[in-house]
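First chain written, first letter: the chains are A, B, C, D, E, F, G and H, and each begins at residue 1.
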Amino acid sequence: MHKVSVIMGSPSDLETIQETINLLKEFKVPFAAKVLSAHRTPEELTAYVKAEEKRGVKVFIAAAGMSAALAGVVAAHTTVPVIGVPIETKNLKGLDSLLSTVQMPPGVPVACMSIGKAGAKNAVLFALEILGVTDGNIRKRLRRYRENMRFQIRKTKIKL
Amino acid sequence: MHKVSVIMGSPSDLETIQETINLLKEFKVPFAAKVLSAHRTPEELTAYVKAEEKRGVKVFIAAAGMSAALAGVVAAHTTVPVIGVPIETKNLKGLDSLLSTVQMPPGVPVACMSIGKAGAKNAVLFALEILGVTDGNIRKRLRRYRENMRFQIRKTKIKL
Amino acid sequence: MHKVSVIMGSPSDLETIQETINLLKEFKVPFAAKVLSAHRTPEELTAYVKAEEKRGVKVFIAAAGMSAALAGVVAAHTTVPVIGVPIETKNLKGLDSLLSTVQMPPGVPVACMSIGKAGAKNAVLFALEILGVTDGNIRKRLRRYRENMRFQIRKTKIKL
Amino acid sequence: MHKVSVIMGSPSDLETIQETINLLKEFKVPFAAKVLSAHRTPEELTAYVKAEEKRGVKVFIAAAGMSAALAGVVAAHTTVPVIGVPIETKNLKGLDSLLSTVQMPPGVPVACMSIGKAGAKNAVLFALEILGVTDGNIRKRLRRYRENMRFQIRKTKIKL
Amino acid sequence: MHKVSVIMGSPSDLETIQETINLLKEFKVPFAAKVLSAHRTPEELTAYVKAEEKRGVKVFIAAAGMSAALAGVVAAHTTVPVIGVPIETKNLKGLDSLLSTVQMPPGVPVACMSIGKAGAKNAVLFALEILGVTDGNIRKRLRRYRENMRFQIRKTKIKL
Amino acid sequence: MHKVSVIMGSPSDLETIQETINLLKEFKVPFAAKVLSAHRTPEELTAYVKAEEKRGVKVFIAAAGMSAALAGVVAAHTTVPVIGVPIETKNLKGLDSLLSTVQMPPGVPVACMSIGKAGAKNAVLFALEILGVTDGNIRKRLRRYRENMRFQIRKTKIKL
Amino acid sequence: MHKVSVIMGSPSDLETIQETINLLKEFKVPFAAKVLSAHRTPEELTAYVKAEEKRGVKVFIAAAGMSAALAGVVAAHTTVPVIGVPIETKNLKGLDSLLSTVQMPPGVPVACMSIGKAGAKNAVLFALEILGVTDGNIRKRLRRYRENMRFQIRKTKIKL
Amino acid sequence: MHKVSVIMGSPSDLETIQETINLLKEFKVPFAAKVLSAHRTPEELTAYVKAEEKRGVKVFIAAAGMSAALAGVVAAHTTVPVIGVPIETKNLKGLDSLLSTVQMPPGVPVACMSIGKAGAKNAVLFALEILGVTDGNIRKRLRRYRENMRFQIRKTKIKL
């Protein structure tokens, strides 16, 4: 059974979220990914979130742009942790997606990541950290991932 | 049967929306007003919007603050016109509510008004303009309302 | 006689609004489209708005950029519903157009859509929703349009 | 005959603009002040601007808040210089008024001052500078005003 | 042993975070709370985060204002999930705290909540959701908490 | 003798301001144009502004980007009207130039135009309006210019 | 002879800068403080900056609000380090002062601190750090100051 | 021994900071440059800053983007002056980097430069100004650099 459920609000969000999907594969964490919109397929979204919760999914990742209601609406239907990724937008540069995703009213939390691809990558890493709370194996792999990043930076040579 | 359905996302929004309610009474347009949240009562909200549409409501007014998903979620469940009022907020001064309400993705429109009380009043006037498309009586009263405003401004005396 | 009157503030806005025009044709709703500016042709604009109202137009759509006075000035001359589309701008990315269009003072409402092409499309859909209040046929077509959108999203396949 | 014509969009703007009026008196420049709104009294505004131009007014000062179309609409009806004062607003702190006043499209200029009372005072000083282009007496008084300011600052003692 | 570790960047943040602390007590989840600053006590902070991780803490909540480096620095030293709360600020109204907390570079995720007290409350609820991934009892209590919220909203009566 | 004095803060601003220069030629108004920076050539700037005032220049146009001190510093040295043009910038899109130019403290006015090329064109038109206060010939040409703009817009045909 | 020269653009800035002055006294660093405006006393400012440089002043601190040209203009007249403090403003909350102070064009640097009192305090600490580059005694006192801050934070007790 | 220590948060920042490095060479000031991240290599960063301070480095330049904690974290570990350069970002255009770098809490100062390449160049010039406080030779070269800039601007010819 998959543990992470990735939902994106529009097929065009796939470009941003692809990195998320690749990183999940790299970590060999079973996941599902689906396009469902809070505004265009509200009923399918509600049904899907409930079904996923019943199937025992451990974390949701919801990525959407503009008036990004997606993560908040997913969170409204579950007490499984929901991570929100604000998709970059043409005009307001993702400021609209960011404020819509992060400024949740008290009572229904969404864990907002940074705008765009950086946030998409961090969404997976954060999902893994959540799974790592009780899974020592994932914790170990996360530490190795960090070590790798550290190593990449340490070996950087600057041509002066 | 009521024609205008006012939904606000939180009991604290009532202060902003009270003016809307008073203006609706003044215009003697039958209406219903209810507190329902896209994040805290998603199912009641969906059921209510569908029931209202079935009862033949002609316009929705949805007022919410912060990550203001309300108007968009109402619009997701109906093709009855939805007017959104972004409620002012403590920190970002309603900029979050404004962007969440106005930046709807293509396909599901919300008619966004200005932030706070000005927007709440305009929401009713716009609802009346919609009803006025086929109701000559409402059109007449709207013109009289405008004449009154005009008269108020024209009679203003400035002490120099 | 046409029912929807589209006004844009500058010939360069046509690129953004073209989608609106195409969608109106697709829905077979009779409409007129004209370039008239609140700043460069104020008198022609006033005369045109009044004439359109007399001809029985049911909804205005006004699209303009920068200090986007157009929608507000159209609304000042009529009690027919006015939908505003903030055109994207080179420097402030449409934030100027958005605030100029949406932040109407109390008394003269404008229904603001999202910035740019998304807003242009939603402007037509909202105009149709207004017409649909008393026209069951339009309501039916709007529902079919929504069904289509839903279907498009549901059939999206993600390559994992 | 008065030379400066002050127009404000709402009676509530008087508080901000009062300083303008007092400074005009102090400089003994004949002026008129009137409340007229681009949105609530568009026709009276148009007629008034044209009449003022015919009466030989030399400068307009237009102060308005929110979607501040006033200065732009005044400028649309005259080639007499128009100075715009963006009034501070409750929610967006005058950012809406500022962008609506300053971001005029090419062809119809408005001279935008700073937000609120600072801008109101500067509007008069700028009007006087315009009159001073051909009036040596006003130029002299403006220089004296500057000297006074300079003197005020120079004599400031700081308690260390 | 406590499961949630609350760190705030300044004693003045306590006012915002008090609600967090109260809610943790209400849920009877053992926790520790400490004032430690990324800028003023960087070494104590690093040592504390590592010690907390060793002690088996399951979630960090980090609340800070202005250039809010706290949550990011905590996240830099652990792979335990870190929830960030941007504290409201006097001048930029928390926009500085928000962007500093949410715009994390790829590789080191922080789960950002909304600005101020709303975010502080949601930080606890999100921490509980994380614990709830493997703790059915907490999940149950969270659902009851949601039910309560729902009930509060449903029983709201509006005086028309 | 030239009547309009155009100063730009950097050679790279010429691209934006070229239109200004062309329009001044088109109107056959004698002018001078010079690159002088408030930050890099403060003394030359001061000396130049004073010399220009002595030579009887009637209006200054000052265009600068980023922390655009230019227009304000010019205004600090003269009571001749100063028109400011905020140059667009790479990162903050001219918002920095705009706020630096428009938010003048009370006492020293600058007439701020819109950001970039639109503002550059309007700067000339506004300079001409100032000259037109006492020059009937310029007024006439300005009206003709407006008529032309109006004509351009009126003859626009939209392909439906 | 004093080593630090504090300049503020307006007597009203004293409230913000008072803390700076007190901290300088506490550190027993000789300093001068003066009100001089880039816009209202440009010549006195230029003369003063040059005289201060000749007197051997080691650091300037320049505090100003709105279109805060002060720090940049001081920097234009000296190669002595200039620290800028953006004063908080009524409408734009210091965002205008911040962008005017920090966004200096390449070639003339200003060291910008945070908005308001926090920045005023940091301006002194940064001035001391500059002096400390060659003054071991100041470096020692700065470290003691940091130790004190650290101690204050460490001893903070939170009532749970 | 090198006097200036340049740290950048990511290899991709090199493009922005290259100009800094070149200018340091041009001024023949010994320096070191290194990639170290506050989030990805926190321990290496801390150790490096302390080692650099011990080696007698006189100024730090820290360049980072997004939630740019780098300059603040460097400043947290030293009382040597730290100059921060906010790197431009894809979505928020460097506004996130700017606010994260400049809005330091009271007690730990960072000298923030403008966003991007302009700021990178100014960082070096400001570092040189700090060194110039006690090094007459550097002061002389800085003045010559300014003279050169001035000369470049003065010789600019505009084609009218």
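Everything that follows uses one rule, which is that a residue touches a chain if its C-beta (ideal position, glycine included) is under 8 Å from a C-beta of that chain, and two chains touch if they have at least 3 such contacts.
Being a predicted model, the structure only gives us computed values, none of them experimental.
Note on connectivity: the fewest chain-to-chain touch steps from chain A to chain D number 2. Under the touch definition stated at the top, chain C and chain E share these contacting partners: A, B.
By residue number, over half of the contacts seen at D-F repeat in one listed pair from B-C, B-E or A-H, namely B-C. Taking the mean of the C-alpha atoms as each chain's centre, chain C and chain H sit 49 Å apart. Separating the centre of chain B from that of chain F, both taken as means of CA atoms, is a distance of 43 Å. If you average the CA atoms of chain B and of chain D, the two centres end up 34 Å from each other.
In chain B, 10, 37, 40, 66-67, 92-93, 95, 102-105, 107-108, 110, 114-115, 118, 146, 149 are the positions where the chain touches two or more neighbouring chains simultaneously.
Pairwise chain contacts present here: A-B, A-C, A-E, A-H, B-C, B-D, B-E, C-D, C-F, D-F, D-G, E-G, E-H, F-G, F-H, G-H [touch as defined]. Residues of chain E touching chain G in their complex: 10-11, 14, 21, 25, 33-37, 40-41, 44, 66-67, 90-93. Partner chain H is touched in their complex by these residues of chain E: 9-10, 37-40, 42-43, 46, 65-69, 72-73, 75-77, 89, 92, 95-96, 99-105, 107-108, 110.
Taken together, the chain D residues at the contact with chain F in this complex read 58-59, 79-81, 83, 98, 102-115, 117-118, 121-123, 125-126, 129-134, 139, 142-143, 146, 149.
On the chain E side of its complex with chain B, the touching residues are 88, 93-95, 114-116, 118, 146, 149-150, 153-154, 156, 158, 160.
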